[in-house]
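Take a look at the structures listed below.
The same chain A turns up in both complexes below, where it pairs with chain B and then with chain C.
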Partner chain A sequence: MTTILEVEQLRTRFRTDNGVVSVVDGVDFSIRAGETLGVVGESGCGKSVTSLSIMRLLPPNGSSGGSIRFNGKNVLELSEKEMQTVRGNEIAMIFQEPMTSLNPLHTVGKQIEEAVILHTKVSRAQAKERAIAMLKAVGMPRAEEIYGEYPHQLSGGMRQRVMIAMAMSCDPKLIIADEPTTALDVTIQAQILDLMRNLKEKTGTSIMLITHDLGVVAEMCDRVIVMYAGQVVEETDVETLFENPKHPYTIGLMNSIPDLEEEREYLETIPGSVPLAYQMPKGCRFAPRCSKAMPICEEKAPELLQLEGHKCRCWLYAEEGGQA
Partner chain B sequence: MKTFRKFLRNGLGLIGALIILTLIVVAIFAPQIAPFDPNEQDYSKILLPPGDEHWFGTDDLGRDIFSRVVYGARISIQAALISVGIAMLIGVPIGLLSGYYRGFWDEWIVMRSVDAMQAFPFLILALAISAVLGSGFGNAMLAIGIGFSPAFVRITRGQVLSLRNMEYIQAARSVGVKDARIIFRHILPNAMNPIMIQATLAMASGIIAEASLSYLGLGVQPPTPSWGSMLNHAQSLMSIAPYATFYPGIAIFLVVLGFNLLGDGLQQVLDPRSRK
Partner chain C sequence: MTTPLLEVKGLQQHFPIKGGFMKKTTGYVKAVDGIDLQVFPGETLGIVGESGCGKSTTGRTILRLLEPTSGEVWFDGKDLAKLPKEEMRRMRKDLQMIFQDPYASLNPRMTIKQILMESLMVHNIGTPAERLKTIEEIIEIVGLRKEHLNRHPHDFSGGQRQRIGIARALVVKPKLIIADEPVSALDVSIQSQVLNLLKDLRKEFNLTLMFISHDLSVVKHLCDRIAVMYLGRIVEIADKRTLFENPSHPYTRALLSAVPVAKPRQKRERILLTGDLPSPANPPSGCTFHPRCPYATDICKSKVPSLSDIGAGQLVSCHLVQSGELLSK
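And now, the complex of A and B:
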């Protein structure tokens, strides 16, 4: 399988009133063609900023360093004009909030068409045909009517289908889905995940699925990276992650999922919260919240160690012959 | 059509529209409606109270007040449309660009200039600009338009600042839509409601501002009738001829009310979020 996206030492910083804040700090990962990569972590760990860095859609005070190679070319070195031909055409995005991710003043059809007209040389009639075909492909009933309707006439699940139709309309090679089901009801969540999986199988596109829901990861992903405080702390395939999580943070996340077979009075929580980006601990960033913290953890930041079938950023495994 | 029918059912908005429509009709057909030449002085009929021949009475130069109010509609409607048109032409694009691109220009050039302009009382600012440009109706309009423009910069920029972070703007950018199209097709239509409300309010103030400048000799030159200049001219006659201030005053009041009702009505009908 060929690698279509390769992120190396990605650093994204924001200029703020508190000085320059580093939100993503040396992130490495790659996505192969046709693969679904899960990006997991709690709010504020830099998942969304990573995706916006790939799309080059950061707010004006943000800037990225390192390299993001998409199909061999470094996205960070493209001009804004070249980038506009990549967005939507080669990499597309699905957003979290279906209620606010469609323009309330344009019809659903016009919004799907926009991408088609921008990236392909087709007539308006052909674009309309394509938009209706996409609406059908995402399982919309009465696609011709929906084409002329406004977003407020649709339910949340329907809008998310429209968003998916919009993202898929130009057959992108990579879709970044930023918490695509978080705002939906559980039953609708399952439908949307099914839809994404089916479309992926049909078109062979790769998906970068950002989520904090490990259930979604288990259902959708081939490989997973776990992020904490702007860094990758663990990377492995999905089976290994659930069977043998290594990093104390990942283990903590696993323990905070309710389990039907096990009787527990309380769910476990990870004490504390993600450190603020301008007050990062000197050593391991997770050390202040870690139950297994050792003296070295507060002194020196661990490297991302290469273990068997696993990458993990933790001192616990340094003796096991893990190599940075 | 659906929108139009809905507007017809919007009672207050319809009243506003009727008032403005009446104003436009009166302005266009002023020569047919007015029974007298608005500038004709008749010294045998000075300060007549409202009666059969002179419906609104006559002023201290024997001019028919009804005819002058009718002709004054022409000046007022022009004042409203031209001054606000100029203000929007200047203010909205600056607000859009400034809010979308942010940075040094936005923060330090545009917004500080807006602050500086808004620190002056509006009339003083318009007076200063008029004094530089010279007197006359056109220059008065330009002065009022420039004076109003900071309000449009501010309101447009504020809208853009909140809209540019909306997910649907991000979504449009994420499919590769170019900046210009984002600004004019995705942001501007969504920012239009508060801008239009500001515009209707500004039209009302534009009428008053034109009246004030005319009174000070910087706007419409006498004897051309404008409601403001009539009002100001008649204020010295308040105790002996109150009707001379009443009619132009009522005309200003009605038109300002009309613009406001129309603005509210349009907003309720045009916003698809309130469409049922």
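And now, the complex of A and C:
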């Protein structure tokens, strides 16, 4: 399978009143054609900032270093004009909150059309046809009527369908979905996940799915990276991740969710909370909360070790012949 | 059978929709539309449902944070819905609430000490010295330290703030606590800390808890009995085990099957509901679930089903389950 996105040593910093803070600090990963990569982590781990860095949508006080190669080009070196042909056309994004990411003053049809007209040389009539076809493709009833409706007239689940229709309208090679179902109810979430899975099968698009919900990861993803405090701490395929998680953070995360099928009196907890971006520990960033921390963990930051079918940033596996 | 600590009968909460000339009432949003439930001493009753089903409104109406449209709320031999305001204020000592958003529910200009002291002063509990002793005890019970008392809410993380919210509810030694989505705003690793704390406190104080949440796995973890709400009504209520092993109402089944499970190899049969939640301002006729129900028949469109016992204390509001046409799994 060909690799369509390759992120190497991505560092994203923000200038703030507390000085320069590194929110993403040396992140490496790649996405292959037709694959769904899950990016898991809790708030503040840098998962959303990673996606904004790829799309070059950082606020003015942010800047990225390293390389993000998409189809061979380094996205970070493109001019703003070149970037515009990538954004929305080759890489599209679906955001968490469909109400704030749709323009309330335009009909949903016009908003889908806008993307189509911007990126492809088609007439208005063709663009309208495309917009209605996309609304039908995402399972909207009464597509012709909904074309002329405004976002406030739609429910949360319908708005998210519109976002997906918009993202898919230019046949992108990669869709970055940032918590696409977090704001939705479970029964609606099930509908949207089902839709995304079907569309992916039909079009062969790659998906980068950012979420904090391990259940969603298990259902949707082929491969997963787990992020903690701006770094990748574990990377493996989805089955290995759930059957044989290695990093103590991943293990802690999995044991802290109540299981619908298994009953436990107490949940495991990860003591303390995530370190602040401008007060990162010297050694391993997870060491202060880790039950397996050793002296070396507090001294020296571990590399992302290459193990068999697995990558893990933890000193516990340094002896397994892991190589950085 | 023990007598319930709280008994709700036919509770309704209708919000008027005003519009047009002279702001005439043009209709009602039936947020809660006839709820009956009982909460027994020492138990934790979970209320689950999706957004807009009326679960939060139910909690708030029971506590008279919203004046009920009609219905009875029996607590400790008194009907809360009809108590004069002054008497209700005194009752609040026994009925406390924990809110969802730990950022919005603590006054940012008060220290933690002032926040906790206020509850005790309002209810005239103890002398100033006793009050201080009580709050020093409670702050350690919820896992914070005495030094924290002089700080302000902004000094704390979300999980710590939720601990303060819990301390504030506990400090007056209430008989019933209604917790409205207390862990939804927290990250999973912090959520588990707060859930464990609630479990410990429940044992220590023999608390009766009404736990409102949209998260089925959290509800299953914490609650003894669970009520499932849909569009302002309870569609099913049963003890935890029965509900999860033998969900009977078609909505309960769909809801349970929709939860993503963290097991990649396991492929489950999923009941995908079509369409969205109808508007509570204009609910469907008969059983309000019928437009989305895969089994709906003619009777479902015309007649409102009652909530009745199908055995072992499992109450279901569905014509087809009650007549035996739709068998439990």
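Criterion: the second predicted complex is superposed on the first by the 323 of 324 C-alpha atoms of A that agree within 3 Å, B and C clash if a C-alpha of one lies under 4 Å from a C-alpha of the other, contacts with A are read in each partner's own complex, and residues count from 1 in each chain.
Assume contacts are C-beta pairs under 8 Å (C-beta built on N, C-alpha and C of every residue); 3 or more make two chains touch, one makes a residue touch a chain.
Predicted model, so just to flag it, every value in this text is computed and none were measured.
Novice: State whether chain B and chain C clash or fit side by side on chain A once the two structures are superposed.
Specialist: They fit: once the shared chain is superposed, the two partners occupy separate space.
Novice: After superposition on the shared chain, which partner residues are touched by A:Leu214: those of chain B (first), chain C (second), both, or neither?
Specialist: It touches chain C, and chain B stays clear.
Novice: Put down the vertex angle at chain A formed with chain B and chain C, C-alpha centres only, nearest 10°.
Specialist: Apex at chain A; the opening toward chain B and chain C is 80 degrees.
Novice: Contact-wise, after the overlay, does A:Phe95 reach chain B, chain C, both or neither (first, second, both, neither)?
Specialist: It touches chain B, and chain C stays clear.
Novice: A:Asp185 in the overlay: touching chain B, chain C, both, or neither? Say first, second, both or neither.
Specialist: It touches chain C, and chain B stays clear.
Novice: Once the structures are superposed on A, label A:Glu308 by its partner contacts, choosing first (chain B), second (chain C), both or neither.
Specialist: After superposing on A, A:Glu308 lies clear of both chain B and chain C.
Novice: Looking only at contacts as defined up top, I'd like to know whether chain B or chain C touches more of chain A.
Specialist: Touching more residues of chain A than the other partner does is C.
Novice: A:Glu114 in the overlay: touching chain B, chain C, both, or neither? Say first, second, both or neither.
Specialist: first
Novice: Please state the minimum Cα-Cα separation between chain B and chain C in the superposed model, rounded to the nearest whole Å.
Specialist: Across the overlay, chain B reaches chain C at a minimum of 8 Å between C-alpha atoms.
Novice: In the superposed view, which residues of chain A touch chain B and also chain C?
Specialist: none
Novice: In their complex, what parts of chain A are in touch with chain B?
Specialist: 55, 57, 59-60, 84-89, 92-93, 95-97, 100-106, 111, 114-115, 118-119, 150, 152, 163, 166-167, 169-170
Novice: Spell out the residues on chain C that touch chain A in their complex, using ranges where they run on.
Specialist: Residue positions touching the partner: 50-51, 157, 159, 187-193, 195-196, 199, 214, 216-218, 220-221, 244, 254-265, 270, 272-273, 276-277.
Novice: Please output the residues of chain B touching chain A within their complex, sorted ascending.
Specialist: Against chain A, the touching part of chain B is residues 101-103, 165-178, 186, 189-190, 272-273, 275.
Novice: Taking the touch rule as given, give the residues of chain A at its contact with chain C in the complex, in rising order.
Specialist: So the residues of chain A in touch with chain C come to 42-43, 155, 157-158, 185-191, 193-194, 212-219, 238-239, 241-242, 252-254, 256-261, 263-271, 273-274.
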